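The structures come next, written out as structure tokens.
One chain, subunit A, links the two complexes that follow: it is found with subunit B in the first and with subunit C in the second.
What follows is the complex of A and B.
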């Protein structure tokens, strides 16, 4: 029995960032990398299933598409208890969109043949909310997005999920398995890595796969294969916020004034 | 001369307002001779005909399916069929939990152009250009779709004002064919707030986000809220962590604070999903250490600073 968890290393912006001269992205020097927040929850969900069935042998495999730096995030997943980590990369992958990444992840899934596949609902940097579900397209597997609750016995051919809809309403759905589920924040309480886990993770290998390992070619990835192309990235107008300047005492006094204005009205 | 396809969204027998916004959005990329075709899918889709008969909708296709509500397999199959039939240059789908479940499979399988969470569409010459946010909404990104004859975009709610004036589209009825569902809708569960306050009714809110750092700091801000007579609310991570009840969460999957007039946002970055619950509030005061936080794009007043310093100073001046 195997659960595959697709994870991403996301980029956040440094406070004073600069857009690249070609205006297509932020200058790489201003990017801070970390594991996507949603992926903490999907890894935890896999670990929960594993730990709740001690009598079943369950392997949790984390997979990411990305360059060398991504090893750090995969290492974090291993430290939290994932059994194996796979990183897929080729320089030709640079510039790929969510759909192409989904296609590569699907190729890994085909090779690994897991019983259940998780991805995060979205990534906190570009919020496409597409990769996990695009992966399902290339696998032809049943799929559901924004899963906030999962009842699944390892190896079962169906699961009961709750999709979290707008307004916090949950929709209970029965879905055939193996399935691809995108996991929502709050489905569980993600653990922190233990010191022991961190030590053990340092010794575990991260499998480095190339396009050849997943039976894909350079022409299927990269910007040329993408469903959209970035023309321009820019910082939007700051809108209408009137900044309250001055000392902290003056700022607090102004807030109190605003509260009084509101109460007087 | 081409078609623009708009997919309406409904849930539990109620049309979601974003459907009418997308009909309005379609007008912004309509060129001479183009037609806006609106499709509504469901076992009882015909009940939405009159609501969807608005200005700007040229055709309305009612697709009778076996599922009352959303189903990813059925929706994907129906929309793929409509794309074959109508050969649209663009397909507009609401960016919502439903579309998260099928827009990507739809676009991936057919190789259409694809962009999600788009809030602006326009033509630059012959090129369709879509604008979306990036890096947690700190930048805007313009994308285009070279070589794509059909482009699927999911469009953010509130990006367009709804089309509301009565119209008279040509209505046709078809049956959904050839799509077997692999999931079954069972039930809806609404999490009640118990005895907690109903935050949709209150007019003054102090709201805390991940900036508060630790659970023990919640008390400080509860004191502040009590002191000024406000209701303490929060962004999602605070409710997910169990530091405040879910009934206090503002946003897309929490509550829309429809009655609020003054909203003090403390250590909240301003994600799209949070703003969905509060951006309408007339007076938003945001405190954030990051001058680039997107909350400042909708706030009326902003302070770049530490919420703990502001808290301490407020408490001492109020004492």
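What follows is the complex of A and C.
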């Protein structure tokens, strides 16, 4: 029995950050990296399943696509109890879009043949919310997005999930397994990875895979193959908001005043 | 003149040999019970982990003897109880030595070597001393009985804040029974001893070698005269004596047999605890060996033998509980009860022949003898408990070790968890960018050196609160101006500085602490400086006491010491004097932790302030509530905070104008408490630096643009 969890190391912005000279991204100097918040929850969900069935042998494998620095986040996953970690990278991958990453992850899934695949709903930095689903599409596996509750007994060929819909509505779905689920925040309470734990996890190896290991070529990834590209990244000018106080009549008068101002009277 | 050899204690006169044999049988049985009990106790301690406190045994022993001889720790903050205890203690010691010399002569020296010394003058002085000792013992015990019965001291109540009425271990009546059984049996031994002595005198009133020397046992003699006056004849006394003798003898033997099994064992455990006292307990927390699988204490066998010994040393005196700020505001914590819970737990599990299974040794939980996580998280690691414990119990290291386990299990407040992650990510508890660490210095009229590139005399380790908290930044700037004006050659680490880790370590996140400490040590080791100064007592403590364990030994001073010297040397000149009526709050980490009581007070004096002490000052200072990481854990709504409790104490000082602190966290906590406890407008909270700043005579006026953003 194996659960595969796809994770991402996301970037958080330092206050007072600067945009790169080419205006395509934030200057790397101002980025702080950490594990994507959603992935804390999907990993925890895998750990919960593992720990609730102590008699079944369950292997939790975390996979991420990214450069060396991602090892730090993978180590955090190992500290939280994941059994193995795989990091896929090749310099050619730089600039890939979410769909290409999904394709790479799908290739890993094919090789690992897990019984269940989790990903976060989205990443907090780029917010595409499509990597997990793209992976499912490449795999041709049943999938469900924004999962807020999961009932699954290890090895079973189906699971019952609740998906979060608009307006706080929940949709209960039965899904055939193996399946790809993108996990929503709040589904559980992620555990804390103590720093000693992370340090000790340094002893567990992180498998470094290249494109060759997943049977892909450089032409399938990278900026050239991406279906979209960034034209410009910028900070929009701040809008102005103002609280209008006073009696109804005063407020109305003030609004008229503002409208006139804007019309340039 | 009677032959001196005849002036001696009448031991077994008129006793049948069988009776004497029977008595010896009881004696041996008592000794056997004592030895067995001692064996099981030692076996219990040996089930704990190793501890580094061996070594320098002679030195330790001598310190222990001094402490016990002066009763220094017992008379502190409770003179009467301490003196009463001294009477009991010295009475007991003398009586014990006295009785031992009888055995020494009667059972060992005389039969084996024919040596006798226990007669004549020696005997007479011996009688006198023992009579006085016995009298003191009884007086002491009477006071203790009075104290327990009538003084209604909260610290002697066994009701607990962390348990509810109805819980099996809520107020532990068995403790009360044991206390009284102890007092009664002890006092009865003393009283029957005197009655026995008096009876012997009446019985032998016709024998000059006894009766003529009766005044060498004055209490016995007075009692004997009284007995005669009420009509006791020598024959009557002779008949009474054997019964009394047996009663006294058996009671004494039972007492001895019970020593290792009851609270009486504190005679030994307290002495041993004092002997193994760690002067840095709580100031320098123990490291977790790198190869140790999990950090902290999860099971009772994770405790070291020394911890286990401390558990047994506690005499339930309640002084720690009385001093505890968490307890004072009703938090579910009494340091005494943490110790007692664990003691009961240890006795239930480790006294057995076979060690129970691992699962039964877990000290965390909600059962009898287990410690609640709420209890552990209530602690401010202020060391008030460790400071006052008369028998050197070290609560804080145990509490932090237990927290380390909670942290590893993730059993903590979500907010605290967030803060720890923030500190890991950004290196400070404010979640601010590293780059902004020295942002407070931007608008100074002079440039502060970068110690990473320029050699400096004094390296200023600023600390998180002083760097990022807007209110404290004002103080930080003022201190920079002071140093600049005094011509001190100083510099900062700028982005190279991280949270010093003092509180992170006290939370129990040892891995994060190691990360912070080693990073800071790395930064410091790349700089060229002579000593460190800081305005933050928390950073001060960990750099001073804990960094050496990680290879960073530095000379570090709190600013109060540095400024005092600058003032004395005239490098800083005061433009004017202040005539404020002030009180001073000793920060835990400066005062109790590092004994920095005097420098701030001396400065206040130099400034011309009139210092009025609060009731709890110096080593009894009352924690503001922010220690041990509690600054990151909100107090439950509706509860009184320790800082508010402290404000009340200051509030009763007539005409108080300024409540002076010398710690950034104190400034934050007390300014807040000033408002919430309704003293705003009555007096103000100021950092000592601000008062100095008021009196400053800067060579050229340093203009500072007010940069504290009004929006914050």
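The rule is short, and it goes like this: the second predicted complex is superposed on the first by the 233 of 265 C-alpha atoms of A that agree within 3 Å, B and C clash if a C-alpha of one lies under 4 Å from a C-alpha of the other, contacts with A are read in each partner's own complex, and residues count from 1 in each chain.
Keep in mind that, in the parts below, a contact is a pair of C-beta atoms (placed from the backbone, for glycine too) under 8 Å apart; a residue touches a chain by one contact, two chains touch by 3 or more.
Computed from a predicted model, the values in this text were never measured in an experiment.
Enquirer: A:195 contacts which: subunit B (first), subunit C (second), both, neither?
Expert: second
Enquirer: Touch check for A:111: first (subunit B), second (subunit C), both, or neither?
Expert: Neither subunit B nor subunit C is touched by A:111.
Enquirer: When the two structures are overlaid on chain A, which partner does A:69 contact: first (subunit B), second (subunit C), both, or neither?
Expert: A:69 contacts neither subunit B nor subunit C.
Enquirer: Check whether subunit B or subunit C contacts more residues of subunit A in the superposed model.
Expert: Counting contacted residues of subunit A, the larger count belongs to B.
Enquirer: Which partner chains sit in contact with A:34 here, subunit B, subunit C, both or neither? Use first/second/both/neither.
Expert: It touches subunit C, and subunit B stays clear.
Enquirer: With the two structures laid over each other on chain A, which partner does A:15 touch: subunit B (first), subunit C (second), both, or neither?
Expert: both
Enquirer: With the touch criterion stated at the top, can you tell me which subunit A residues are shared between the subunit B interface and the subunit C interface?
Expert: The overlap between the subunit B and subunit C interfaces on subunit A comprises residues 12, 15.
Enquirer: Flag every residue of subunit B that touches subunit A in the complex, lowest number first.
Expert: Touching subunit A: residues 11, 16, 69, 72-73, 95-97, 100-105, 107-109, 111-117, 129-130, 133-136, 138-146, 148, 182-191, 204, 228-229, 236-237, 239-242, 246, 249, 252-256, 261-262, 264, 272, 283, 285-286, 290-292, 296-305, 309-310, 313-314, 317-318 of subunit B.
Enquirer: Give every residue of subunit A touching subunit C within the complex, in rising order.
Expert: Those residues of subunit A that touch subunit C are 12, 14-16, 32, 34, 191-192, 194-200.
Enquirer: Given the complex with subunit B, which residues does subunit A contribute to the contact?
Expert: Listed in rising order, the residues of subunit A that touch subunit B are 11-13, 15, 17, 19, 26, 97-99, 102-103, 121-122, 124-131, 133-134, 136-138, 142-146, 160, 162-176, 182, 185-186, 189, 227-244, 248-249, 251-256, 258-259, 262-263, 265.
Enquirer: Which residues of subunit C touch subunit A in their complex?
Expert: 288, 293, 295, 407-408, 410, 412, 417, 420-421, 424-426, 432-433, 435-436, 509-512, 514-515
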